[in-house]
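What follows is a single structure, written as structure tokens, with notes after it.
Labels run A, B, C, D, E and F following the written order; every chain starts at residue 1.
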Amino acid sequence: MNKVVTFGEIMLRLSTERHLRFSQANKFAASYGGGEFNVAVSLANYGVCTEFVTRLPSNEIGGCALKEMRKFNVESKNVVYGGDRLGIYFLETGAGTRGSNVVYDRANSSMATIEQGEINWEEVLKDATWFHWSGITPAISESAAQECLQAVKTAHKFGLTVSCDLNYRSKLWKYGKAPKDVMPELLHYSSIILGDLDTAFFMLGKDQVEPDYQDEKSLPELYDILFKSCPNLKTVATTLRYSISASHQQIGGVLYDGNRLYTADIKDVTPVVDRVGSGDAFMGGLIYGLINDTIDKQKALNIAVAACCLKHTISGDYNLITLDEINRLLSGDASGKVSR
Amino acid sequence: MNKVVTFGEIMLRLSTERHLRFSQANKFAASYGGGEFNVAVSLANYGVCTEFVTRLPSNEIGGCALKEMRKFNVESKNVVYGGDRLGIYFLETGAGTRGSNVVYDRANSSMATIEQGEINWEEVLKDATWFHWSGITPAISESAAQECLQAVKTAHKFGLTVSCDLNYRSKLWKYGKAPKDVMPELLHYSSIILGDLDTAFFMLGKDQVEPDYQDEKSLPELYDILFKSCPNLKTVATTLRYSISASHQQIGGVLYDGNRLYTADIKDVTPVVDRVGSGDAFMGGLIYGLINDTIDKQKALNIAVAACCLKHTISGDYNLITLDEINRLLSGDASGKVSR
Amino acid sequence: MNKVVTFGEIMLRLSTERHLRFSQANKFAASYGGGEFNVAVSLANYGVCTEFVTRLPSNEIGGCALKEMRKFNVESKNVVYGGDRLGIYFLETGAGTRGSNVVYDRANSSMATIEQGEINWEEVLKDATWFHWSGITPAISESAAQECLQAVKTAHKFGLTVSCDLNYRSKLWKYGKAPKDVMPELLHYSSIILGDLDTAFFMLGKDQVEPDYQDEKSLPELYDILFKSCPNLKTVATTLRYSISASHQQIGGVLYDGNRLYTADIKDVTPVVDRVGSGDAFMGGLIYGLINDTIDKQKALNIAVAACCLKHTISGDYNLITLDEINRLLSGDASGKVSR
Amino acid sequence: MNKVVTFGEIMLRLSTERHLRFSQANKFAASYGGGEFNVAVSLANYGVCTEFVTRLPSNEIGGCALKEMRKFNVESKNVVYGGDRLGIYFLETGAGTRGSNVVYDRANSSMATIEQGEINWEEVLKDATWFHWSGITPAISESAAQECLQAVKTAHKFGLTVSCDLNYRSKLWKYGKAPKDVMPELLHYSSIILGDLDTAFFMLGKDQVEPDYQDEKSLPELYDILFKSCPNLKTVATTLRYSISASHQQIGGVLYDGNRLYTADIKDVTPVVDRVGSGDAFMGGLIYGLINDTIDKQKALNIAVAACCLKHTISGDYNLITLDEINRLLSGDASGKVSR
Amino acid sequence: MNKVVTFGEIMLRLSTERHLRFSQANKFAASYGGGEFNVAVSLANYGVCTEFVTRLPSNEIGGCALKEMRKFNVESKNVVYGGDRLGIYFLETGAGTRGSNVVYDRANSSMATIEQGEINWEEVLKDATWFHWSGITPAISESAAQECLQAVKTAHKFGLTVSCDLNYRSKLWKYGKAPKDVMPELLHYSSIILGDLDTAFFMLGKDQVEPDYQDEKSLPELYDILFKSCPNLKTVATTLRYSISASHQQIGGVLYDGNRLYTADIKDVTPVVDRVGSGDAFMGGLIYGLINDTIDKQKALNIAVAACCLKHTISGDYNLITLDEINRLLSGDASGKVSR
Amino acid sequence: MNKVVTFGEIMLRLSTERHLRFSQANKFAASYGGGEFNVAVSLANYGVCTEFVTRLPSNEIGGCALKEMRKFNVESKNVVYGGDRLGIYFLETGAGTRGSNVVYDRANSSMATIEQGEINWEEVLKDATWFHWSGITPAISESAAQECLQAVKTAHKFGLTVSCDLNYRSKLWKYGKAPKDVMPELLHYSSIILGDLDTAFFMLGKDQVEPDYQDEKSLPELYDILFKSCPNLKTVATTLRYSISASHQQIGGVLYDGNRLYTADIKDVTPVVDRVGSGDAFMGGLIYGLINDTIDKQKALNIAVAACCLKHTISGDYNLITLDEINRLLSGDASGKVSR
């Protein structure tokens, strides 16, 4: 049986409701989320056995995050405790021409101050089949980056599939190292990468490119450069996102396996209830597709795109969507009929 | 003066707000509704004298439903009391590609366990001019079906106009009888039917058809088959609904009186605030149009379509729309300007 | 340094949430607003020194309005106190084909019962550079109109720029005078006017016109008539608004300076979170543009249109938008991307 | 069968929740209430046929008040329409040492601007057995006082029992007449009076008294003075209220019928959920007791006190308490056990 | 290590907030609870390994209950699925002299329609050390009673400690059997009983008694009768509850082990936030005390009383209290100081 | 005219509502507060000119804190900007035997990372008459302590009255210094101290004492020791607080001026709506009393105690109480009557 372990930070998410600006709010909706945890929730919803590894503070707010993991059936037995605080992000959800706004308050979090060796990766990964990390963790702090490398190496040693969502956030990477100093070694051990080509090139320290995702013929050549840099790479995928407005997005996807380029049709997403976490929904769908022998690559990509679209209709970071709902959308029913 | 009596079940409606999934909600908005009651509220809003007949439990939740009837000026003096519970339905409102989801919890409700003869139909209908029922009531339980038949027969005997919204719900009809066992006799006494052609054929036990509502020439022939099966039939109407997404609907309508086919233009409905009850709004508009001598059939159909469109902008089951608002829309003003 | 003084009424705004009809609401969102105050908030958000002059009742509700002025950094030191009540307006926000609905309850407010001479305009305006009023104040009551005239005359005497938003509200003007009896003298002293051509003609007592704003060549001739009637006039602007539905608006603008006609492209605004106050947002953007020497007239108009568009995404009367957000939209980014 | 008609003003009540001060609230709970309407709701809850007569504005806010009457089964068929606004009162609920605070905004309401003769009292009262008014209505405006006198005279002529709650509010009575100018004639026709002795003396223009309600022997002499002034008087009752704090009240009552003094034990009321309307609950209980032949005067007083106590546990103006709950308290069970 | 298994029904709890009556509420707070599940949550909070066994419907509402179990760290792996609905109870929380009101809607729930043999008790209990049931389960339906008997017998066979909270609810027991027909055999296998003496006598079919819990000398004799009827009985405990009002309770306890009577001091509980589940909190504390070898019987009783008291300060069915908080209260600190 | 400057940290306060535990909340009420700011709000409410000096982050959350200062009329012109985050504290409000719980998340806040010299104290204090600080600021970080010392010295140099609330928080003081290392020099310049005797002794590095505040004769001797240690000391005050439960407090006070001991009667405070900030309310009342020449010391102490009591009825950190309300309580009216 498959077991997917994801590693990263889970934060308290404080958001205003009904598109209110921060200065108008006298309450915040409180939920929890973070890229790698969001992927775990997606997979748990699809019935995959998943575990999330992180570091939490030993206070009530950390306890709330732990209860959230349990609620959504994500195993938490290897969570470590220490540090002073759960990271926080504030979210103001935009509409139309006004974009959403995120204020990060995650410095000095328990996850950022993890000390190397706190997690016994050999124990954690001994019965896992897949390890997922993202470019956020090495961006938080040097020790988080080191812990991530330890995880990736152990996963590789144990023969797990290692996947990475590049997730570049320019506001992070403040501890003195650049992505190109850290990411190449981490990507060395990864066999699945999700990200834009220009982000991948940037993180690998290569010259910037301006890929034209509409020109499908030109893409394999560019993806092949990644395959050369990452010796264990098997699959690269890219989420295509066209923002008409904060309330109207268009979503598609591309997948390349070194041989063939797969593309998924662009879907309209309107209105957008909440787009935060939609990339993680893509990643969760992709892993689900690739982990199942009965699902081919085209279908895996289609699932990823459908999951990403459906996530936009859900408040909060997670993709609380069932396989049935994804399959209904994939079978062509985007009509949003009442089920009764 | 006209007086319309409708008969059916009113339920407690428990819905999540702001498109939350059930698993995200720690509160439910509580309101009340049900197809035949919704029609009564529409008519009361238009100034028509209306009465709703149902069976309620003698507990506080039944009392809340009763207060709701009173609030919206629907006469409740012939409601009967008994049984154990008010039926419930849970609603999760979708958005975009995610459809709304209804979980029914209406089995064994006070209405479903009505015993034949509890309602004195001769007394109820003595000063009424119109009786409305829908295909939901005979689907709930055998005794409800029998009570409905009793009502329809009495209404027919007293010379009332009898209207029916076919309202087929596959999740009901669990008590051992199929629609074709029950509906033909009920429809025998009805002079107005609202429903799709295929539903009507199915309920009458006829071979299935696949009508093309865009091909107006082909429709009279199909409707005529209904006229042959239902000797008292005077008017059939069909709501045309094209679901672009859960947030975008297109609404039109067709009406046939045995001689002539009337059609109403398709209107775009976006965004959708709440589509539950929009069919009942169509029915309410249709009855209002047909009951008034000064309103011709084309206008009656137009009112039905406009009411249906406007209902999509209202939270809850009922069409809390005034005649002024319908007329404004019919006069071509869909601009949604601020009235100030 | 510039200092803008605006004069008018601030009201308690009681609105239903989530498109509820009044009869469905058991609570009202409470905020504060009014045309001229909304302009002041816009300017304060842009960093302009602003002051609002009004008359408030000496009770707790008046105190709430005062706290609101302070919160948004609008100077309130010349507010006068007296009268019995803060004006109120009730708002039901529409959607799609259902328009929003405003119920005014502002008669006999503290502002309407202002007595001439309560405000020492020489003191108020001594260090100001701009005075803004609107057609609402002279519509409230005779004494408010007189106080407004006193303000305009003093502003003119002191050499301030005087701007007016015509803001015709047919439900006001109940005290026995028509706009044409009052407005011409007030507009005589004004150098900036915002309004439709037909409103301007009506208020000046001229024959009605039906301007075609798409036919840009025909407009200067019409605007020139205003210049002839208003000897101090320097600039006239008109907000172009096309209502597709309550949830979808198209916004553009025209500006004429006696020599040249400037136009701004029509922008789509969808969804509409709250359109009340969007005209004031236009006015605020226009003043901001015209007050800054480094901003030319085309850019001033563009800012006004962008501010108006962005306002539609904000709940409440005010345009809580920053210059950064306006500039991002003006630079072509309407994508509503998440800022993180 | 008994039918009670009450006459007065119903207002929109806007209250902060959870003891928030006005300046902390960004929403108001919206409900409806007013002394005489509150009495009607009490009686309707007890199963008495009741009707409320008032004047409402023909706008949506007036429509909400009308729906509230219907919801609570108070007949509204003789409501008249006109005027501009529904009166409003703002409420901030205190706690402990901080008292609740009411801000009235009821001047110029539809009820205050009623014109004499708008109500056809002969028609209204033709099938009634009891008419109830309070000292608030003649305090609102001269025309309201005149309409009230007309009602009282008609009721007297038709042989109805006429009851009055003195309800002195010093903030009203602003139209140029004092209570002693108006109330004596109104009380002349009344047979039941609820009020403090000092209020009664004041309203009748008599020398002030300082009754000691603990000294039961001294009371009949004082009450007898009222009997001499009011020739139709049969019963006087006084609510005894001792305020320990905003959260702790002690409630008792005294009733005198010209012969005998009845007293009810003081009951502790803590915590206080909402004390507004508790006097009206006393009045409602008193009328219920006196209207029933099977209830003696001592029991009527006890019901009034129990209803008043229980009202303090209910949010909003009305006493939403059943007879069962009153009887349970009267039978000595103040334990507040869970009914399950 | 200890592992406690509890068996029973978990329901959806729909409660009004802020003491609102049902007829005032337009939303319900939604949570989940049930006697035996509440005990499991208590124990999980104290760090005891616990599992809850029940039957849930395979719909979204059942899924919500499952997520709740997970969130609070109660093992759910032996939950069975089937039936149509999750039981519901409606709760209106009283205050002062007004008691709380529960409306049950739990008939025909998935748990009530469990079929014998659906649960493999040998598998469920193989690694458990304690089994807890209550008198509610055999009261729901005959098949639930049979399943409970199967569980108790298996637990006894495996040598588990078996505890029972008598929990008599007169509104249940509707399926044709009386407690005395069913409970004796179930209690035969139980070694810990929580309940009033009169309830125990009633359920065992004995003559009614009126125990005086203040007369500690008389109690052993009565408890000894229970020991004679229940051959495996080791400990009986009784919660003492004196209701001053719905907002003020007094809580104490008695424990008898066949030899010695232990008593705990009466504690004042005011205000009461929510008393539902406080008996389950007592049971949870008692099990925690008795399961730990290092805790003597007096301390176990004290913990039970303290847990019961603290539960009254928590909204919802569960006792979300930590051991630290219980110990703080037991050490004499009832001061409710801010921890900061 | 008096002008009071206070200096310290303002935090975002995130609290659960209705006594919910953190794990039950899916939203937090968001407000702002901090000891020294709370004092400023009190004084502003009493009509005293006040200014708050702090350091805020240049992000939207810092902007919200700034708007809060403005709203409550506290001057903010000398606020400095820098650092990364606004400090946060999470609050769970207890009830009865369950105390409130605070989780601090204020490390590395903008205020804690203030750099010496960022504030130009000579400029800030040039027109002030009073400077207030508390023992929290030197506990946050070494640089905050240094900035505070700079402020105190400058205030002393300029002849301002310097007051200090000792406010010992054991969870702070983490940067390597103990109170006795820092506080003596700060207190050297202070003439008004609010605090317990044992806290004062501890902070001054003296042997611990156990004062008996009921034994008024013993107190002057102890207070005199403080006078010897603090050469500029003129007045010491101590809040007496007896916690019956989280919902019931008893508040009194003692003031000593080197000559005479003043005491205020103990007042019962029940229920407690929110006790956070009640000490700051005492401080605000004390400053108000001492700053006014017309108020003697006994009255100043009484005002402080009354303000502290009334604060317990207000949600949030601030004492939103007017002088009228304080005076009403001081005049003996604790009855909490409705003002109408």
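The definition used in the following text is that a contact is a pair of C-beta atoms (placed from the backbone, for glycine too) under 8 Å apart; a residue touches a chain by one contact, two chains touch by 3 or more.
The structure displayed is predicted, hence computed values, not measured ones.
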If every chain is reduced to the average of its C-alpha atoms, which one ends up farthest from chain F?
-> B
Just how much do you need to spin chain B so its Cα atoms sit on those of chain F, in degrees to the nearest 5?
-> 180
Using mean C-alpha positions as chain centres, tell me how far chain B is from chain E in Å, no decimals.
-> 45
Residues of chain E that touch at least two other chains are 18, 23, 26, 67, 101, 271
Hey, which residues of chain C end up touching chain F in the complex?
-> 67-68, 70-73
Considering the complex alone, what residue numbers of chain E touch chain B?
-> 14, 22-23, 25-31, 59-61, 63-64, 67, 84-85, 88, 90, 92, 101, 103, 105, 107-108
Residues of chain C touching chain B in their complex?
-> 18-21, 23-24, 89, 94-102, 104, 169, 171, 243-248, 271, 275-276
Sites on chain F touched by chain D in the complex | 17-18, 267, 269-273, 309-310, 312-316, 320-321, 325, 328-329, 334-340
